[in-house]
């Protein structure tokens, strides 16, 4: 059985989680926090359905036909990301945000850091995080031009 | 200009808001709250992007061609619902939930109550609320035949 | 082969078309047209991707297993609706709007009128028309409560 | 805690499953099967991602705030529908279709029959099944689906 | 507060606008315009709901936690793009298309040109434009590795 | 008419097809096939609605304003991909999978191979294939997909 052994393919897995957060930097004054973050600085928190897409990229295994079993990737995301973030208050319940402001950008970076040790090192890893249907972030940002 | 004067049409307007909440009934024991509501009972709150659809039903105005101006409906939803609920903690920041457990069912009922006085009384009003892409509620539940 | 002969089922077919239009009632003054319709009254037209859902409801044919062949319904919609409205200026190119203001409500009523003679008379027919992802109309408006 | 005790609310849960099928009625000739069902009659089967929405309608429990726990509803759908239909060949692997042609209409009726005994009898039950993004069926028919 | 100071992240903001247009090149004969552009050449115009995604890419501000405030980006898109294109006839009402054929490709290039002076110069800018749910364009086309 | 002659733009066309398949490698033991592929190895096949996005990238033709006519691209996809794969059993009906295991990765590579000879050679070509709404693959890998 042949046909895929040298080709690099990207695979994407979509997951989601629900969490509360507050955008707040304690190094700034309260007035600056309100000015910069507006209603996202509400002291009692607000929340989102975060739509998470994880992209893994590498060569297709010629015997198996997978870059990576998406069931395994889904279970990995569940164990290392969803079980820590889903139905949580990011500021209060998640140690990774003890000193990190939970903006969408920083959540994507944290999620990437949680997953990186558990995805095979020979595979590229990207995280896309939708905070609302209209606001989406991606980390890392740049993908090599294939030219 | 003719063509629409006796016909009943339903119009729908989609909006959304983001909020934190905790499902909790203080009349139940803490153990019962955990048993019944599971992770939705997390004491530090979690949150959602609530997708709100408002349905208004009535006769098309024969001169204007509208059941109700959807721009006016959108502004009404903004003033009476979004400005009160968006980027808020439903349990702590919204008086309507002081004695009402903010399940999706109860949020839909509260939203209907907030809008009903501000939509013309001759128009039917229904609320559909998506708490997640997979969990949706509708109030009132049944569409009655107008005959 | 049995299992479906007395049961009423609704089937839905999604289609779409792109058209230009202007909301304007010549029986009103220009000032009233602008006041009522705002930017939708732009004299040079604007346009939409109209998302059309046609709902047909009746008994499942016990031998065939269909309420109505959705391929036939799709072809019917194409012949009687899409071929007349798609990539057209509703005000200028479509005779049905010569004396009807092309609001979403009236377009739904016109589409229903175009389809009704070509869908078997024993089947109920409803039209849902999305003018934008946030503005949707339905005609007829009411569905019988099944109680 | 009050606010919801007499009000009827509908709740919806979305799930999906993947299956192969062939539309074929052995009581018809092969020529009639091809003429009526076209490429859906392909003898080696084809398949779909079926998008399943289950709607349950009843009074909100005044103490709990739920019509029915959507987590319980999801588990019920998994046990009685998904575990039987997901990643299966409907014609060959699912006994309910031994004598029922697996059209979308009949699948919706079968799914309704699988769920009905396991949803509390005082709650109304409707099934909406998307066979493709453009072809959707609903059983029973008499309430309009708010997609 | 630390955690993001050297990392490049891409942020995306979704917006939409509705417009009429006609694909037509006056340098070509009428016959060639019809042959090349088909029904998109309809002289009375047709229209679309354009789905616009703007991608901005750069380093996360270590103090603020943002690449760029998405509220500011949204306001920028509104001021320089939506206020000029929404509910307009691109050919007649928008000076940028006086000598540019409003194909989706050219609209994306024009939108990029309208936004580029108003997005900080140290941030990369890409535009994705959906003309219909099935036809989408992106400019610039290639994401260059920042190394 | 000017404005686009040196600029590279990417254009995307969405299509879909429905097919049955079984993930199975005859070079592996039956036990290994079950262990590796789980329910995707069901001997009677299962199926999917495959969502196909084809991305073509090149310079905008300065006279025409297109990278490539998306109607032509749609017809090319229909002729060389959909007519071969839609409503088929990939394992049994499609010669390209006689010796290739129809994982999503391999289907994307095969679709790319079917299209490549029929898209102008000066245009880049990428294929994105959604097997379910949550599992998506892309070939070649090195450009990020803007979903």
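For this structure, a couple of remarks:
Labels A, B, C, D, E and F are assigned to the chains in the order they are written; within every chain, residues are numbered from 1.
Everything that follows uses one rule, which is that a contact is a pair of C-beta atoms (placed from the backbone, for glycine too) under 8 Å apart; a residue touches a chain by one contact, two chains touch by 3 or more.
These numbers come from a predicted model, not from an experiment.
Under the contact definition stated at the top, the chains bordering both chain A and chain F are E.
Here the chain-to-chain distance from chain A to chain D, counted in touching steps, is 2.
Taken together, chain B and chain F share the touching chains A, D.
Farthest chain from chain C (centres taken as the mean of C-alpha atoms): A. Residue numbering shows that chain C and chain E use the same positions for more than half of their mutual interface. Equivalent interface to A-F within the set A-B, E-F or C-E: E-F (over half of contact pairs identical by residue number). Between the Cα centres of chain B and chain C there is a gap of 26 Å.
Within chain A, residues 133, 138, 143-145 each touch two or more of the remaining chains. In summary, the structure contains touching chain pairs A-B, A-E, A-F, B-C, B-D, C-D, C-E, D-F, E-F. Interface residues of chain E, counted against chain C in their complex, comprise 16, 18-21, 39-40, 42, 44-49, 86-89, 92-93, 132-133. Within the complex formed with chain E, the chain A residues making contact are 23, 25-28, 36, 38, 99-101, 103-106, 108-110, 133-145, 147. Residues 1-4, 7-15, 57-58, 60, 63-67, 69-71, 74, 143-144, 146 of chain D are the ones touching chain B in the complex.
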